[in-house]
Amino acid sequence: MKELDKIAEMKQVLEAALLTAGQPLSLEDMLKLFSSRVERATLRMLLDELKQDWEDKTMELVQVATGYRFQAKAHLSSYIARMNPERQPKYSRAVMETLAIIAYRQPVTRGDIEDIRGVAANPNILRQLIERDWIDVVGQREVPGRPSLYATTKHFLDDLNLRSLSELPQVEDFSQTGMPLDA
Amino acid sequence: MLLETTDIKINGEALSELPQDLYIPPNALEVYLETFEGPLDLLLYLIRKNNLDILNIQMAVLTDQYMLYVEKMKAIKLELAADYLLMSAMLIEIKSRMLLPKPEEVEDEDDPRAELVRRLMEYEAMKLAAQELDEMPKVGGELQVAHAYYQHVAEIKPPEVSVDDLVAAWKNVLKRAKLNSHHKLGRAELSVREHMSIVLRRLQSEGMCEFSELFDHGEGYLQKLVVNFLAILELSKEGLVKITQQAAFSTIYLQVNNAE
Amino acid sequence: MKELDKIAEMKQVLEAALLTAGQPLSLEDMLKLFSSRVERATLRMLLDELKQDWEDKTMELVQVATGYRFQAKAHLSSYIARMNPERQPKYSRAVMETLAIIAYRQPVTRGDIEDIRGVAANPNILRQLIERDWIDVVGQREVPGRPSLYATTKHFLDDLNLRSLSELPQVEDFSQTGMPLDA
């Protein structure tokens, strides 16, 4: 009975923390909520229960790259988006193509991006993506000039609701020819 | 056919509906040509428009059309990136190599178009990937993360102190005070000082104690006995406890040294 | 039946919008959620229902100056705050030296500390250390004024991850002529 109370209370604390966080919470973050020692397995179990509790409700508990978060169910999102129609600037095609190349072919240098796109890269594009914290420099390629190598960040995965790069949509080129990309 | 500039869509599908000939009002043409992300994008569009097989491109058709568009771009003084001109040169080179007599066995790599095809396919893959990424719901747009309010109670943690901090402070004290400078403070003395506090604490709560009660018989008994004994002697020397014994060999009592 | 569905759906949209807003929503904000015309009275009624729905849960719907917001129930806030504790700045030199003197020379009176440090002791320093439960009074010295004798506590040892004071590093005296006590 006592134990049950404690579990119920822990679940409440977890729910409140996740509903107020505004960003994903890692297991480490969540362990800090409790003064007593809590096993990761217990935490995972509680998160699982929470997920089920909310199954038919307005939010869903999802796991993304950096942790867990509640987010509005998809069928409600479009209503909410109406409140702030201009919040998110739409990126140009050049920005999105650069992002795609970094996401799918990382780590890449600016030269690699220029080769694939067939045009000189506007430095402003990379700056925009870095400012959004979607890409960052992960090293230098050991060739003359030591160009920076770019890769996507965990924040990028979070923002696109992904746990890892392997969850990126599969891309088929010239699907009508049925020829695999790496052939 | 009049083309409204607003009709121009970025994606390839909308573009494919544009007229085959290039009778486009000059101002619209500019916008139209600007929608291409570069020579590869233009080439992909031309391949689609002409229903060319990417694996068997008719270089003559593609090159001619490409040059036509580039000429139009020049004509309307669109600032033509070097990339477009570079591609012109590449296309012409491929076209001329295609005209050379073929060797007996044609390997894939020997096909002058191979590199171009590889680049077109890679670019198209990334172009499609960009569209996919663009359409995915993102945080800040179509994806809203729970962010309710909570009272930010000031949960202030006191500063952390490490053993190193403590030792540094003690060294400082010693350096300045020149106090007790005649011996180093050993572990044993620290133990004694600790036990002085322990005995005092106990006497504080219990009033009077039998001397023998102050020695527990647990682990490390002998070591503790010595330390405890030294602690009691030190306490007595500093006048902090009173030790009494009614007669020789009778029970020894310890109590806090009350003045009265 | 149709109307009821609509009302239920509106409540869902409202709840999701309020949980994800990150700031209070005014009635005007909330009216933008719905394409159809919604009366303010209807909105108020829905908010009232929402408030009741959440009565025994982790959040409460409250009205503040600029609108409505969900907030974690008071008893849960302190748990959430644990995730981002603010750490106080470091202790002053005076505090650290006082603590060191009590640790290495206990039991000591305030007068002892003043003698060793050569400056008058700020009573606030001892109070800070007592409040932290790092030192306490273990007796009085039987001299005029019966000054309190201070010693470190078990809690102090725990916080510094020591089993006993004897685990404190030995400090070499600067004179180095010393005759060790345990020789």
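Letters A, B and C mark the chains in the order given here, with residues in each chain numbered from 1 onward.
Just so it is clear, contacts are C-beta pairs under 8 Å (C-beta built on N, C-alpha and C of every residue); 3 or more make two chains touch, one makes a residue touch a chain.
These figures come from a predicted structure and were not determined experimentally.
Of all the chains shown, the one with its CA centroid nearest the global CA centroid is B.
In this assembly, C is the chain whose CA centroid lies farthest from the centroid of chain A. Here B-C and A-B were compared by C-beta pairs in contact; the pair with more is B-C.
Between the CA-based centres of chain A and chain C the separation comes to 31 Å, rounded to the whole angstrom.
We define each chain's centre as the mean of its Cα atoms; on that basis chain B and chain C are separated by 27 Å.
Chain centres here are Cα means. That of chain A falls 12 Å from that of chain B.
Counting partners per residue, chain A has 16, 19-20, 22, 59, 70-72, 77, 80 as the residues that reach two or more other chains. In chain B, the positions touching at least two other chains are 144-150. In the complex of the two chains, the chain B residues touching chain C come out as 144-163, 165-177, 179-194, 196-197, 200-201, 203-204, 238-240, 256-259.
Taken in their complex, chain A has these residues touching chain B: 16, 18-23, 59, 69-72, 74, 77-78, 80-81, 87-88, 91, 93-94, 96-97, 99-101, 103-105, 115-120, 158-161, 168-169, 171-174, 177, 179, 181. Of all residues in chain A, only 12-13, 15-17, 19-20, 22, 25, 29-30, 32-35, 58-59, 70-73, 76-77, 79-80, 82-83 touch chain C in the complex they form. The touching residues of chain B, counted against chain A in their complex, run 10, 37-41, 53-55, 81-83, 87, 119, 121-134, 136-150.
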